[in-house]
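To start, the structure itself, in structure tokens.
Chains here go by letter, A, B, C and D, matching the order in which they are written, and residues are numbered from 1 within each.
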Amino acid sequence: MSTQKDTISLLISCPDKPGIVSAVSGFIFKHNGNILESDQYSTNQHDGSFFMRICFAEDTFQLGEGELGEAFQPIATQFQMQWTANYSRRRKRVGILVSKYDHCLVDLLWRWKIGELAMDIPFIISNHPDLEGLANMYDVPYYHFPVKRATRQQDEQRMLDFIGAQADFLILARYMQILEPFFVEAFPQRIINIHHSFLPAFVGASPYDQAFKRGVKLIGATAHYVTNSLDEGPIIAQDVIHCDHRDSVDDLIRKGRDVERRVLAEAVRLYTTDRVLVYENKTVVF
Amino acid sequence: MSTQKDTISLLISCPDKPGIVSAVSGFIFKHNGNILESDQYSTNQHDGSFFMRICFAEDTFQLGEGELGEAFQPIATQFQMQWTANYSRRRKRVGILVSKYDHCLVDLLWRWKIGELAMDIPFIISNHPDLEGLANMYDVPYYHFPVKRATRQQDEQRMLDFIGAQADFLILARYMQILEPFFVEAFPQRIINIHHSFLPAFVGASPYDQAFKRGVKLIGATAHYVTNSLDEGPIIAQDVIHCDHRDSVDDLIRKGRDVERRVLAEAVRLYTTDRVLVYENKTVVF
Amino acid sequence: MSTQKDTISLLISCPDKPGIVSAVSGFIFKHNGNILESDQYSTNQHDGSFFMRICFAEDTFQLGEGELGEAFQPIATQFQMQWTANYSRRRKRVGILVSKYDHCLVDLLWRWKIGELAMDIPFIISNHPDLEGLANMYDVPYYHFPVKRATRQQDEQRMLDFIGAQADFLILARYMQILEPFFVEAFPQRIINIHHSFLPAFVGASPYDQAFKRGVKLIGATAHYVTNSLDEGPIIAQDVIHCDHRDSVDDLIRKGRDVERRVLAEAVRLYTTDRVLVYENKTVVF
Amino acid sequence: MSTQKDTISLLISCPDKPGIVSAVSGFIFKHNGNILESDQYSTNQHDGSFFMRICFAEDTFQLGEGELGEAFQPIATQFQMQWTANYSRRRKRVGILVSKYDHCLVDLLWRWKIGELAMDIPFIISNHPDLEGLANMYDVPYYHFPVKRATRQQDEQRMLDFIGAQADFLILARYMQILEPFFVEAFPQRIINIHHSFLPAFVGASPYDQAFKRGVKLIGATAHYVTNSLDEGPIIAQDVIHCDHRDSVDDLIRKGRDVERRVLAEAVRLYTTDRVLVYENKTVVF
């Protein structure tokens, strides 16, 4: 992995019209960038939207970080683009929030340590002290921020103040508190949650109990952006596992752990490699 | 397949208490039956329920069809069993209801013809004439029973009168009408429907449109018993297939066809081989 | 489906160097084509290879079929491209070869009839007469070409002479004869076979017997191009299904039918929508 | 999990004949055992074999550990049974062998720690010192046993002497040395290996390189008992994951880690819960 070249990924959203691919790829070529991956999606409707990810090697590209924005601006203006340029060597800073369940955190930390997830982890925050030992194993700072029903607003404000500009985005790795709207709005489309069901089935609390009661033959997990509608944000990744009448709620929880951690890790991998765009309440995953 | 021996399958539900397996297997052994498969499930709770399927060869069994019931009754009474004896050589008579979509019907008829589904099909009923040609290909009688909103009660009553005692159970192979309560009650736990979503997600009409709008990354299908709560009957089988932002509603429909027919066929196979028991609103599938 | 616009898909293979995407997309834009899909892959090695599929709407494109080749040639020459232009309205002509098993043929014909596979089927050829009735159901001409061990060369030559220029590619839908080298060479990378195992496991005859004997916990199917190395051609699609000790060889065959037909249909869909490129002994599937 | 009752599981293999289920379940009932699970399998052939797992609660069972064997012996003799009685409260002692890759070890240790795998781990042995820190995190003794080509026999003998009677079975959690026959024979059907391919595809070294070269569309992992035929022992569990042309060997390795650890953990769970029987070169997994 360490031998991979540094790359620049442009993520672009704009109204669909002819010439975008040509303009963007022409721009990169003109400045000597070698395109490594290019993917696009158009909603193909009247008044449609266009989405693009184009990834090119940084080493031969002739524009520096400061110059790229200025040079690309005419194209961006012409096509009314929203766009970001993402440098692979600028690892995303990812804060992790947890409660007591450790399976997602264990998995994220291990994948991060072996280089599978290219990111920095400035902190782990929890409303419980339980997982501090795990954080210590991986030398990641752990902060205990208790959250009480009566003081939730202030508790979360303190947390937000602490986070400040330390993190580019947040992962709720089975963080069992519902975040206040002001908190969510501080990280628009930059908080990923793992919900332990195949959404939109079993929204809300205790999805495995709900699944057991309904007698489903599959259980799942959903990684999605957090919005202020409970469990209704844009879905990034989902997967399922088979179950049957023999599975108790405990068995569903056990099986679910495997799906949850896999789905969350996949969503984080997609996000940190700049592959996720949002439109309406959905994601485009390149 | 044709070389398989005739078998008898006992399906048993009763309160859980020690000695059931011993009593049932002892009974079969005493009358010279050779047990081929035996499966059981207990809810393992206080005041729990016990479910059993035990399948044995008919050829060496010394009790005739008329005698089995009487001989087994003392055990059934002792353990307060609800039970049925199912003879594999008595193929279930399965009526199929369809509308215009042919994918489930095509699949059922083909599997039936090659011997994968051991059943008889006395009739296909549809509220449209479209699939008559398909029924003719397989020499199955096809009856067109139009159903109109204003006369639904009478229309369904006519259908029910026609069916009479011709069928042991019914398959709704994408039959696009909601059945009236009196119709459903005429076939308790004997109507299987295929719903084109992973229930309980996307109950009701147009699940693929709902799935597209929600931006899910998996779509599914659910085969379940029909009850008078829409799409809430006991689930027999479910499966899913991956999808992504590129999939239009038409693509979801295309992918969904494959899952629907597979899940429905599996549910029918399980039912016709006497592997499904119902409790609460769930199934035990042996 | 019927509302989809006519498209042109360029399939391109060439040595990897900067500027290809820009040149191709610039060319399409210049002639007023609206790019609908674009995908590329580079082997990213020293002396690497580059593969591209770019699909654009035909209606606004200003070059006619005769003109496209000439106009594109300078770019093709500059980058040493091997390339084809595929018009969606020119449906591929697909000949099907079968023996006695009907499951793949049933599935292909049904998918074709409902418009899921955009192709024409000029003929079905079989070394047995058994499936003629099925072909008749779908009004596809069926030809019985017996193949005998002693006269295989002549038998296959007769078949090849009959096929002539009637077909763009061939599907072996469980055709149980090994084709002679001269026959395979007449359709280079234009014969798709379905092998009833997860290749490279269980090459050759009776893979389900081999799988049963080995006690695997999954069985699979592989759609691949036919080459003159048995079961070793480039793989297009593969899938598996779980099995266990209870599955007899007959059960594996039953489960396998579902996987085989699904995998073959997927490979045919990919091929007929111009999504498959070959390099070394592998495929790039866009 | 901790609230689960202690159980006794009988694992039985014998020639198939009528009366086995009746005799065993009658025996358990007579001594006041409450059967919780019962599963059986018969090869259903002339001169067939019969396999059974029957699990009952220990608390009400009237025979002590010393008495069970004697009391059951007449039945065992009558049916020529090979059998074991497994007490859930006697956790299996599982030694783990590793080399440098940590993903399987990380996963096993975590599952063990949270109680998902009911076993004791008396030691971790490695031919490298690298994973000692990980072992320390979980307070499991770690022993470095270098193995050199020239002294392999002696090196392995030293290892075997060390192990002695400390372990009931061994897990090769990506242990990258081939064990000598004498070592394997010391643990017949009691060494589980994880092979990083879908066996029998890609036997031997570097299966991901082989898979990449062959261009497969799925990669897999296989947990199997170690025998003295390389990668040919009885298979316990297998699974796969999709891949495509974009996946480099490094990507296959990354994806493979997820499958490997999941499949190995599942095999260990099955083994430690007394669900695996071996016959011919296959497993029966109850």
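Simple rule for what comes next: contacts are C-beta pairs under 8 Å (C-beta built on N, C-alpha and C of every residue); 3 or more make two chains touch, one makes a residue touch a chain.
Worth saying up front: this structure is predicted, and the values here are computed from it rather than measured.
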Type of chain B:chain D copy interface by residue overlap (half), same or different: same
Cα superposition angle of chain A on its copy chain D, in degrees to the nearest 5: 180
Contact-richer chain pair (by C-beta pairs counted) among A-C and B-C: A-C
Identity of the chain that, by mean CA position, is farthest from chain A: B
Separation of chain B from chain C, taking each centre as the mean of its C-alpha atoms, in whole Å: 37
Multi-partner residues of chain B (at least 2 other chains): 44
Residues on chain A engaged by chain D in the complex (per definition of touch): 1, 102-103, 106, 110, 114, 116, 137, 250, 254, 258, 262
Chain D contact footprint on chain B (complex, rising order): 18-22, 25-26, 28-30, 32-40, 42, 44, 60
Residue ranges of chain B touching chain A (in the complex, touch as defined): 41, 44, 198-202, 214-218, 220, 234-240, 244-246, 248, 280-285
